[in-house]
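Two complexes come next, and they have one chain in common, chain A, joined by chain B in the first and chain C in the second.
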Partner chain A sequence: MTAVTALADASAGWSWNPVDDLRQMWAYPFMVNAFRAGTITAVASAVMGWFMVLRRQSFAGHTLAVVGFPGAAGAVLAGASAACGYFVFCVAAALVIAAVPRTGRDAGAQEAALTGTVQAFLLACGFLFTALYKGLLGGVTSMLFGSFLGITTGQVRVLLAVAAAVLVALAALGRPLLFASVDPDVAAARGVPVRLLSTGFLVLLGAAAAEASQITGTLLVFALLVMPAATAQTLTARPVRSLALSVAIAVAVTWLGLTTAYYSDYPLGFFVTTYAFAAYVLARLARLAAGRLPRRALLPAAGAA
Partner chain B sequence: MTTPARTPGAVPRQDTGTDPARSAAPVVSLRGASVRIGGRTLWSDVGLDVGAGQFVAILGPNGVGKSTLLKVLLGVLPPASGEVRVLGTAPGRAGQRVGYLPQRRSFDPSLRMRGLDIVRLGWDGDRWGLPLPWSAGRRDAGRRIAEVVELVGASGYAHRPIGRLSGGEQQRLLIAQALVRRPELLLLDEPLDSLDLPNQAAVAALVGRICREEGVTVMMVAHDVNPILSRLDRVVYLAEGGAVTGPPERVITAETLSRLYGTPIEVLRTSDGRLVVVGQPEAPARHTDRHTAGGRP
Partner chain C sequence: MKAAAHRRQPRPARRAPFARVTPTRLALGGVAVLAALAATACSTASTGSTGSTGSTGSSSATGGGTPGSAGDGKGGGRTIQVVAAENFWGSLAAQLGGGHVHVTSVIDNPDADPHDYEPTAKDARTVASARLTIVNGIGYDSWAGKLLAATPSPDRTDLDVGDLVGVRPGGNPHRWYSPADVHTVVERITADYKTIDPADAADFDRLKNTFETRTLAPYTQAVAGIRAAYAGTPIGASESIVSPLAEGLGLKMLTPASFLGAISEGTDPTAHDKALIDRQIKDRQIKVYVYNSQNATPDVQQQVKEARAAGIPVATVTETLTPAGASFQDWQVRQLDGIRQALATALGK
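Presenting the complex of A and B:
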């Protein structure tokens, strides 16, 4: 595998010049594909994750991601591609979760209980699939914790098509979805189809989670789905700004993660998660510090977001 | 019958049944309306006409279906029978001409959205697609939002995250959200609930001013009629079998309410003009079997 030899060569080559380092990494087509796939995934996950955090549906998002593991394992067992398994299972799980009515006072609790049940069962299935398919062992780690090796140009195209579809759909649904997320009763009274949007959102989230799973692994999908969005929302309460910040953070941690993973030999998911976590901790500390200072935060004028 | 003599600033308004607003087409009209939730009839045979610019309170015991009445007017819930018209069309068709403030809505303290963004959702939150950054509509939106935030007196805190604001501050911003599209009809569900007394008085005054100065018809569900009593044109007292409508001093009386609920009810008037209704039946518990007055499921 050329990637492995490339890694062996590369670990010696770390310079403190980022341009040189990038050029060096991008000399290898597999690294170019890794950066492409990582960037596409980061953008889609950051935007979807922003809505997910706002809607308090992180648990559903986590389940959708975790469900990718049995999906991928089952697909490989059946002789199909892992990517196909991720998408089919994630979107199917989204439809199952969406089928629970989200009306009434304990809607969140009902959804969480069903979601947890589905998640536990499917994880167990994933474990069974890997046990049935004995040769999969190396693949399990990358399914759970992510990998950037051997991403083909064809896979990048699939990721790009899915991300583009997700983003176009979100652009179309964005404002009513925001309305339905923070203020469902008023949105419904103004004719926004709240229930339908909720289902549509979960399906898009399933697609985004399937994408992110392929980069960070199914267990660390929060790194791209939750952390950049949570960090951005900690830093600003302006929707447009916080959405943009979320994308910037996701892309930054992905690039940093890819670079570090390239020059070391630990899994990509670990680094992406660590950087995203560091960003989140820093943001919380910054908020805390800002809260102690005199309230200059009160000054910004009442402009549009 | 005497009108309550209190609140020096407020002008007691006449409601003699020949109100000029009533000669025009009513803003809201119900004819023999009934509503059923989960196979149970909440109320039936409710008739009601609300004229333009009126301030109407919807009263009744907990669980009688006051919030449900607003949902019927919004078109979120279809009536089981009868005719309902809102602003000359079927409920739900009037769109942005109706402003709505649902019951007991406080935002999660961790919600990272500014008050302004919440108001803005009332402006264009129901539109599909992305707003064009260079369009003139954007400037109009900014201007109208600033104007309505000023109107409710929330300019001082509208840019702060909504979850961090007090109940009264949130309520004002939500009223601004309901008002931002210049609705002709404002449906408010217990907006004074969970506010302290000074805030109750202030929000009641604000709604009264919006009704009088902007000419908006207001229908407000209230648990306690006293904070708005001096500003009301009419009250609707809702009961299982129907509703009584009329000026407060004619409806909130021992005879009317006793007849409506079929049980002895007393109405006391305190020395400062407040009304206290004693003996008002609470709605039966949700799970008890009941003989509903208005038809069988």
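Presenting the complex of A and C:
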């Protein structure tokens, strides 16, 4: 009888008790792995995305993510694991994009043009790979729009190792990178290796995008790469605070997304993206509201203090 | 309003300005956060998986879980939870297990395509509570393989039809259209039931004998009848799902394998193949045209039209059980009757 009740609990719906709901979900190893993978990815993406938004390289980031699709399709075609394809293609595309010098007035335009070119070509390759694959290439939709079912413990370990490597490398590059991101000309004049930093950053971004692709799909990567960082940078200009906020938002939308997807049976990618979008809209509205009443707000605040 | 007021409050001690914050410390902080989170996740994971062993164990012992498509649990007894990726295998499993099993088929809707099915969280939960799983394999239902890999369980028996009948990925996955393979799978399901629930072994043997000799008899007879009367007749088909059946019936498949594969796998057929098939139809080299009505691409529809115009009888098959609640044998026998009628019309015997 107790076993029957336990099972009824395990398959029951949403209870509004977060502890019960989490316990219910974590009774299943596939959900434990989904939460572990989602958390690792969210942290790495939020940190890398924060620098990406600061450096105005969102388009490059999008391209790096999108080339994960031909990567995954090509890897399956060649008989390797999809994860391996994500990483190889994303990092290789990063090196190609980094080959364009980022100096001079029209550097941004040149990089954008090359990025667009690389993106279109590699997407076309992805389409060819799916056509070449003799047999049934399952899961194209989940490659594009994400999936959280079927993540193995081995995959979680790979995600963790890559995320740790990316964050350690970023820690080493962080200080000069921030300088070079905020004012590349002055940094170059001071002897900071701007070009090298830019290449290194793109490679790390490629690795982070490859990670995020495996959770949100290659088309919805921005849900974790751009949206949390953009939201955080809307709310505060202070680096420490906005970086921490970015990580917090990314983890929160991932957990909320996983929970909703688990209880609703609808795709994860939609929920993560929607929550991230809602956070961004709220942040903009809060910013707008704060901007509208700066003078009046100061007086009662002084009174309250 | 009040919240906004609080946020605008001037702070007595300002933080260091933008440029002076050391990003190294920031990033190191990030690593620390990640490490902490990972550690938390790992620790919850270990408690989570301990919990899950209990819950999956209890679910296989009791009759709960998701409502099944076939089979009725014998209240209170040891009911084996069976999850089949597709309903054609599920139908066999339900009839072979009788009241001792509770079968849930993930794909039980004629409109769902098993090739590119995206499993839901509910499917993953169903798989996680299974004692026996049956997947087709051979790359046909790779989503099911992923669900199994994400929920490893030492108590679960996984039956992969492709592995059982020795067809490797890249081979023809439509094993339920091969009469010989159907019998192999029937034997294996019963063997697995007997291993899982040895107490009811005699029951399972009895169920299997009834199934093979009585329930499946019309199917076996229909196959043997067509084979005896029409073996060697050249036919055309829309996709590779027909190939194992043609082999089992002794019919000669004239349609190029590359075309059959392309339609089955959802890729574009070549112009050369299409021209060849057009000629086969116009010259009436094929006596009957068989197509999968659940996967009638424009190319296939065109060929159906051409075949009818050329006076070639057309028969249909479907990917999964049609209608959804049909049993495996009723479905197959109805299709075999259609093929026999088409052959009879074409050959006038």
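Here, the second predicted complex is superposed on the first by the 277 of 305 C-alpha atoms of A that agree within 3 Å, B and C clash if a C-alpha of one lies under 4 Å from a C-alpha of the other, contacts with A are read in each partner's own complex, and residues count from 1 in each chain.
Just so we're on the same page, contacts are C-beta pairs under 8 Å (C-beta built on N, C-alpha and C of every residue); 3 or more make two chains touch, one makes a residue touch a chain.
Model, not experiment: these values are computed from the prediction.
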**OP:** Using the touch definition from the top, say if A:A171 reaches chain B (first), chain C (second), both or neither.
**Re:** both
**OP:** Pick one for A:D265: touches chain B only (first), chain C only (second), both, or neither.
**Re:** second
Subject >> Superposition-derived comparison: chain B or chain C, residues of chain A touched >> reply: C
**OP:** Considering only touches as defined above, state whether A:V43 meets chain B (first), chain C (second), both or neither.
**Re:** second
**OP:** Report for A:V162: first if it touches chain B alone, second if chain C alone, otherwise both or neither.
**Re:** neither
**OP:** For A:V186, select first, second, both or neither according to whether it touches chain B, chain C, the two together, or no partner.
**Re:** first
**OP:** Could you look at A:S242 and tell me whether it touches chain B, chain C, both or neither (first, second, both, neither)?
**Re:** first
Original post:
Looking at the overlay, does A:A229 come into contact with chain B only (first), chain C only (second), both, or neither?
Top reply: neither
Subject >> Contacts on chain A seen with chain B and repeated with chain C across the two complexes >> reply: 171-175, 178-179, 182, 237-239, 298, 300-302, 304-305
Original post:
Mind pulling up the chain C residues that touch chain A in the complex?
Top reply: 4-10, 15, 18-19, 21-24, 26-31, 33-35, 37-38, 41-42, 44-45, 47-49, 51-52, 54-55, 58-59, 61-62, 64-66, 115-116, 118-125, 128-129, 139-143, 146-147, 149-152, 169-170, 173, 261, 264-268
**OP:** Would you tell me which residues of chain A are touching chain C in their complex?
**Re:** 3-4, 6-8, 10-11, 23, 26-33, 35-36, 39-40, 43-44, 47, 131, 134-142, 147, 149-153, 160, 163-164, 167-168, 170-175, 177-179, 182, 237-240, 243-244, 247, 251, 261-263, 265-267, 289-290, 293-294, 297-298, 300-302, 304-305
**OP:** Write out the stretch or stretches of chain A touching chain B in their complex.
**Re:** 54, 56, 171-176, 178-179, 182-183, 185-192, 233-234, 236-239, 242, 298, 300-305
**OP:** Within their complex, state which residues of chain B touch chain A.
**Re:** 74-76, 92, 95-96, 98, 100-102, 105, 107-108, 111-114, 116-118, 120-122, 124-131, 138, 141-142, 145-146, 149, 155, 158-161, 177-178
